Every structure is written in structure tokens, then in C-alpha cells.
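Listed after this line are the structures, all set down as C-alpha cells.
Look for subunit A in each of the two complexes below; its partner is subunit B in the first and subunit C in the second.
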Partner chain A sequence: MNWTSCLFLLCSLMAGGFAVAVVLSSNIVRMAFYLVLSLAATAGLFFLAGADFVGAMQLMIYVGGTLVLLVFGVMLTAQSQFVQMRTSSGELLTALILGGALLVVLVSTAINVPAWQPTSNPAVDSATPVITATPIGMALEGYRVDQLTQPDTALRRGMSGYLFPFIIVSVHLLVVLIGAAYLARAKRPVVERMR
Partner chain B sequence: MAHLLNQIFDWFAAWLGGSVANDSVAGYVVAALIYLALLLNLVAVGALVFIWLERKVSGRIQDRLGPTRVGGKFGWLQTLADGIKLLTKEDLIPGDADKLLFRIAPYVGFCASLSAFIAIPFAGRDFPFVAQHLNVAVFFVLAVMGLEVFAVILAGYASASKWSLFGAMREAAQVVSYEVPMGLCVVVPVMLAGSMDLVHIGDKQQGWFTNWYLFHDPFTFIVFWVYFTCGTASVNRAPFDLAEAESELVAGFHTEYSGLRWSFFFMAEYGSMLAVSLLAAILFLGGWNGPIPVASLLGLTWHNGPLVGYLGNFLGMLNVLAKAFLLVTVMMWVRWTLPRLRIDQVMTTCLKYCTPIAAAMFVGAALWHMTLPDRVFAGLLQSPAANRLLAEPLPGDSIQLDLQTVEAATIARGGRP
Partner chain C sequence: MYLLGHLLTEPVGVVHYMIVGAVLFTCGVVCMATKRNALGILMGIELVLNGANVNLIAFGSPYLRGAEATIGLDGQLMAMFVIVLAAAEAAVALAIALNFYNNFGSIDVDRANQLKG
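So, the complex of A and B:
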């Protein structure tokens, strides 16, 4: 067994095992902690696949951002010391059916897509850094470095970049932020006028 | 390094009649253990030295002597004595605490602090001293250091104590806010170097101190100080140490901790101080390229043979460590000089000052870089040819970034090259 398989098994077992622990635990903060470990192991899988940028993104957004805010929210809103979540058997049944259906779809897809079959390509040489961020950055600006030899000239000329979807997403996020600030603003002056 | 180790193992195995493959797991495990031991030593011994230094610096600033007796002169063994005391202390866990999370929180913090060092290089050029040469090193370091807040939140929550919970909540609010201006500041050197690879960013500043990004233009000079302020805040040092404000919250998030678990929090804190300072040294202060390029003046480069080049890299490592230690000392100086801010003042500093200043300086630096490309030292000097020609290293087996083809395609489209 070579080293990549060892690390892959370790990371995937961690990701899967702690994901199960999230479901089985009833304490919200412990759930969040298990979720952190599961997502961090997923980031490890990304690093193992040579997708350094996505791995770092996973750590930054999900582990460092979303989950910190989740725990922060629990601490701000908790009425008792340690919040316990009780799930009824009906909820458990629904979740099992939904999760099982999703699992069946994902597993069948993973097995059936030919491009995802295991290859005999050698592992990435760890001595050289894999260039990941620069092509992503250029693709965001409209230059698809991997499309330079594309026979279709419309695709080659930079029309296939990600600038437009990127701008749409960022404007959408800006709208969400402004909306959140509007909802969360202090409403004191209005209250005083009503009195 | 793993390949070299596997070759050495193969050489030994040949004596016994066996052989070791070039990508065998043994070489990778041993290489990882060597890197881990070196980095662990840096963080742990660094913490020992910094705690002693903190006592001496605070003593001098308050017109005292600090520790003087343990270990003969200067009390230099004081931290070791403290460490032995901490080892023998009773390990207490509050009865109402969430025992699992309470036990695990210190290790989470220390792991996050140590993991940041994986991607931080200590010397560059042809043979970088770095555990894992990542293309997105800056981003990785920032992402991993952001995880440390999780340890503080877990510790505060699991302690089942009001002091701890208040400390943890302040910490969460503070660190999440300060990640924004810190990220904005870090983007400026990344933009100037054209890469997120820390080795590349350091190498781009090679030569005299005039090539440092600190002096690149007036905007980067200001950005450095904003970064340093945000870095101090992100590692909870005074004047931003609200999470452990000892005059208000007993000891904040680690009120209920004692003995070895408590000392793990301290090791994590000093480890992140060193990581933030190392990042500042590499991004703005030229990294392993000194004020005077001693190594290249003496001819200690890789062109003159591997041993000489290794010696030059070693000098570079001492250089970057000296800069980081200097910045840590400045953090101590600030801690014992300024009073603690209130939480609203902390938020005001972040949202009303650091973020807008960082954003404006980013725009300024971008415009400066566009109008005066290849100029350094506030635009007074021409950038050396070696630095201008330095492009991001392209490995053979990955995507070939042929910039000339990209430019030709752009010109064919009718756009500006």
C-alpha cells in the first residue's frame, strides 16, 4: 500500500466517522465539534487530491467561518447550560429515508461515471508545488488557461471565463449583507416616536 | 525529502538484500516526523524563550528586574522551572463541565497553531526550507490560524463557567471581525508578487532592504502597520486581550484550566504570535533577504554548489527568525505599554479604522503598481533585473502557463495585453 492510499483511508474514515457522530450526538456544541473534524478531514482529502485552493477554502469558509458562527449563535441564544436536542422517531424516519435516497443516488453516480473510475496514473510528486491558484485567478478574469488549445474560437477567446457568474454571486452576497444589516439594525427611534 | 529518505533506505536495504521503492510509505512517514519534530521544537522552545522574554521585558518596562535567580544569570531557566511546576499541578475539571470538550479544547488550539507552520517557509530560492511547499501558502496559513478561535470557544463553553463563556464570546466576535482587515492587508503583497506562494513572495524581495515590500510604496508601508495591529488582535494579545481580561473576567476562557492543559493554551498563544510575526516578516520585511544581502555578497548561493547554497539558506533562516523575534518583542512592548481596550473600542478599531484603511491602501497600492511597475523603494529605484525576471515556478507535470500565448489570444480578441 502506498502513502496516498493510507492517507486517503485515514481522511475518509475520519470524515465519515465524525459525520455519523454528528447525527448520533444530541449536544449541539459537540455536534458542531464533530462537524469541524469531519469538514477538516474533507479538506485533507482535497489537499491529498492536489486541490490546495479548494482545501484551504474549505478550512476558511466552513471550519473557520460557518461553524464558529454556528457555535457563537448557540452560545448567544442558549437558555440552559448545555443545549440538548431530542429528535422524535418520525423525524428520524424521514431523515433516514431522505439520507438513504441521497446515498443511493450518489453512490450509483460515483460508480457509473466513467471519468471517475480509478486510474493507474502515478501520484502527484510532492516535491513540486502544483499550480492551482494562478489558473483559477486567470479564469476568474476571463482567461481560461486550460482552453487555449480549444478548437472553438468563441470558447478560446476568453468567453468561457468565470467573471460574469463571479460578479453575479458577489452582487447577490452584497444584497444579502445589506438585507441582514437592515434587519438587524437598532429600531429605537421608531419605538420612541410611537410612544 | 521523502524521495531522498527512500533512496537512503534503499541503500541500507540493499545490504540486507532487499529494496525500498521510491514512493514507499516509510520515507514519507519519516520525512513527516522530521518536519514535525523541527516545527514542534521551534514552537515549544520559542514559547519557553518568549515567556522568559515577556517577564524580562515587562519587568524592564515597569522598572523592575524580572526573574534573576533561576539558572544563574538573568533567570534564563525561569520558564523551565515554571514548566516543571505546571507538570506537577493538580489537574482539575469542573463537575458541571462537558468533560470531552473540556479535555480536547487545548489540543485543538495547539494543533491549529502548529499547523500554520507547515506552510511557512524559512528560506527560499532553489531549495526552500518549508515542510510543505503550497501554492496557496498565504491563504492556508490564514485559514488554519482562524481555527484557533474554535479552541477558545470550546474551552469557554465546556467550562460551564460564566467568566469563561463571556471570554469566549468576546473572542469569537473579535477574531471573526479581525479576519476581514487582516485578509485585505495580506492581499497587497500577494498582488505585488503575483503569487500566493510564500516562497515566491520572499524571493521577489531579494537583494537590499530597498526591495522589501514595506518600502515598496507609501501604501504598503501603512498596510504593514494595519496588518501588525490586526495580527496582534487575532492572537488576543493586549491591548486586544479581552478574551482573558484578568481584571474583569478572572482569566477569561481559561479560568477553569490548570496545569498542563492551561500551558497548552499558552504554547498555542505564543506559537500563533510567532506565526503572525513570521508571516509579517515574509510578506513585508523581505523574509530571508536581509537588510544587507550577506549570503549573496559572500557568494553563498546555489550556483556555487549545494553545500554553500545550503549555508546561505541557513543564514536566511536565521535572518527570518531574527525578524520574527523582533516583531514578537514589539508585541510585548505594546502589551506592557497600552491599556486594554473596551469591546466597543476593539470593534471600532476593526470596522471603522482598520478595514477602511486596508481597503483604501489596497486600491492605492494597486494603482501605484499599475502606474510605476518594476519600481521599488517608493518608486525611487529600479527593481533589480533578477527580481523582475523571477516568475512563479512551473512544475513540469502540471498545466503549462504560457503567458505569451495568453497575451496573443487577448490581442487577437482586440483587448489590451
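So, the complex of A and C:
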């Protein structure tokens, strides 16, 4: 019995199953709840892959932040005729057939790549914990402490780190949040303006 | 079937994560294509971004690949950027959806056809 594989099976079945439930449900409130469960199970997959910091960020930013935003959107627009919005069955059937074809292509491609098969000698033994929070923080500041022993000088260019993308994404987030606050601000009613 | 049958005793590989990512991606695309509620479309986008994140984490995982094949911390850093950009995108899209709802009294994207020629 391989417990990592068992936990992987549990988390992946939850993630995939609730993702399918998001597609098939027509109630927007239930969709939001299924999405929370699917994303939390994805965070479990991240923990199993040794990405503990990203898994924690997934739980905090995605499940705790983005989805709360979505749930607020659901609540603000939840009039009774918009809670249940059914797609016509013909459209749903077409989309499911096309989606199934896409899934078959993606999965058969993934299975047929030899480099992606389970490896017998991983970089780190599965019993050894990896610590990623400090290297990620240093990489965002521009220092790749995980690449200090990189012998290949061609690969050492990656040691410059992610300071520039970090600044760009920070400013981007600031601009986007100001823009969102501007877009969603309270306005006078439309009727009053048309007079 | 071969991959699933041995999963309880054999270690997982990148391919298993890729399959989960493919399932999440496909669900997101179908969700974006079929939902009429603008917030449902947003949820589809979140699923697609998560499918991409699963793949990035799998490629960067030291447990799943050999020392020379793994992309190391780069995968996790890219996943972090994806998470942040998803938060930004959700905020803007939600603001647009709320604006649309305030102006039209509806959240149905089929009714957003004012620019139709």
C-alpha cells in the first residue's frame, strides 16, 4: 500500500469529480460550493507534490479570497430567476461531446510521453520533506538560493530570479483593483440619468 | 486502466497529475461554453487556470521527476503568478458582471448583445 498514491487518488477524484459537478449543476450557489471543494482538493494535490507554500497560497488566496469574491457576486445577483439558469440540452450535448474529444486528446497525449511516466529515482525521496517557502521568497526578491550549485553556466542565467515579474504583477494587481473599484462603484439609477 | 489499476501500490508520476489537469481544463472549457450565468463563466475560467497550475506544480515537483528533469522552483513560482493573476482577473470580471447587472437587471450573458451588428 502506497499512501502517497492513495492520498493522490482521493484528492484527484475529489478535484475532478467536483469539477464535473460544477459543469453539470445548474444552480449557481451549488456551483460555487462545488468549486470551493474542487479547489481545496487541488491544494491537497499541491501538498502531495511537495509544493507546500503554493498549496497554502492556493487555500488562502483562491479558496479564501477569490472564491469569497465570487460568492459575494452570486449573492449580489441572486434573484430567483438567475439562480437556476438551464442551458438547452442540445447545446449541453454538443459541448459535452466536444469536451470529451478534447479530454481524450489531452489524456492520450499525456500517457504517450515516456518522460512523464512514474520515475524510480526521483530528485528527492518521497520520505524527505522539501522546504519551499524560503527559496520562493528569495526567488521573488531576486536570489535563487536553490540554484547556487548549478554547474551549467547556461542555466545560471535563471539565477537572476523573479524580481521583475514580481514587481510587474504587483503593479498589475494594484491597477486592476483600482479599476475594479472604479467599475463597481455605486452609481445613480439609470432612470434618473435619462431624464 | 493500466495507470489506475496500479495506483494503489505504485508511485504516482507526472502523467497522473497531467490527467487531473486535463480533466480540470476540460471541465473549465465546457463550463465556459455552456453556462449562461456570467458568474458560471467566471467559475469555468478558475477551473482552467487551476488545471494549468496542476501541470506547473507537477513539472516542478522533486518527488515526481529525476533531478535533471524537474524544473524545480520555477514551476511553483509560475503557479504563484497564475494564482495572483487569477485573483486580479476575478476582481475585474466580477466588477464588470455587477455593472452589467446594475444596468440591465440581468446576469444572463445571452442578453449582452448590444454590440451585435
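We adopt the following convention: the second predicted complex is superposed on the first by the 139 of 195 C-alpha atoms of A that agree within 3 Å, B and C clash if a C-alpha of one lies under 4 Å from a C-alpha of the other, contacts with A are read in each partner's own complex, and residues count from 1 in each chain.
Methods note: a contact is a pair of C-beta atoms (placed from the backbone, for glycine too) under 8 Å apart; a residue touches a chain by one contact, two chains touch by 3 or more.
If you're wondering where the values come from, they're calculated on a predicted model, not measured in any experiment.
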Touch check for A:Phe53: first (subunit B), second (subunit C), both, or neither? both
Contacts of A:Val29 with subunit B and subunit C, given as first, second, both or neither: first
I'd like to know which partner A:Thr134 touches here: subunit B for first, subunit C for second, both or neither. first
Who wins on subunit A residues touched, subunit B or subunit C? C
Partner chain(s) touched by A:Met75 [first = subunit B, second = subunit C, both, neither]: first
Residue overlap on subunit A between the subunit B interface and the subunit C interface 1-2, 6, 53, 57, 65, 67, 69, 72, 76, 82, 122-124, 126, 130, 132, 135, 146, 158
For the subunit C and subunit A complex, residues of the former touching the latter: 3, 7-20, 22-31, 33-37, 39-40, 42-44, 46-47, 50, 53-54, 57-58, 60-67, 69-70, 72-77, 79-81, 83-92, 94-99, 101-103, 106-108
Per the touch rule above, subunit A residues touching subunit B in the complex are 1-3, 6, 27, 29-30, 33, 36, 40, 52-53, 55-57, 59-60, 63-65, 67-69, 71-72, 75-76, 81-82, 122-135, 138, 143, 145-146, 148, 156-158
Enumerate the contact residues on subunit B facing subunit A in the complex. 2-3, 23-25, 28-29, 96, 98, 100-101, 104, 132-136, 139-140, 142-144, 146-147, 149-150, 153-154, 156-158, 160, 165, 168-169, 172-173, 175-176, 179, 195-197, 392-399, 401-402, 405-406, 409-410, 412-413, 415
In their complex, what parts of subunit A are in touch with subunit C? 1-2, 4-6, 8-9, 12, 15-16, 19-20, 22-23, 28, 31-32, 35, 38-39, 42, 45-46, 48-51, 53-54, 57-58, 61-62, 65-67, 69-70, 72-74, 76-77, 82, 85, 87, 91-92, 95-96, 98-100, 102-103, 106-107, 110-111, 113, 115-119, 121-124, 126, 130, 132, 135-136, 139-140, 144, 146-147, 158, 162, 165, 169, 172-173, 176-177, 179-181, 183-184, 187, 190
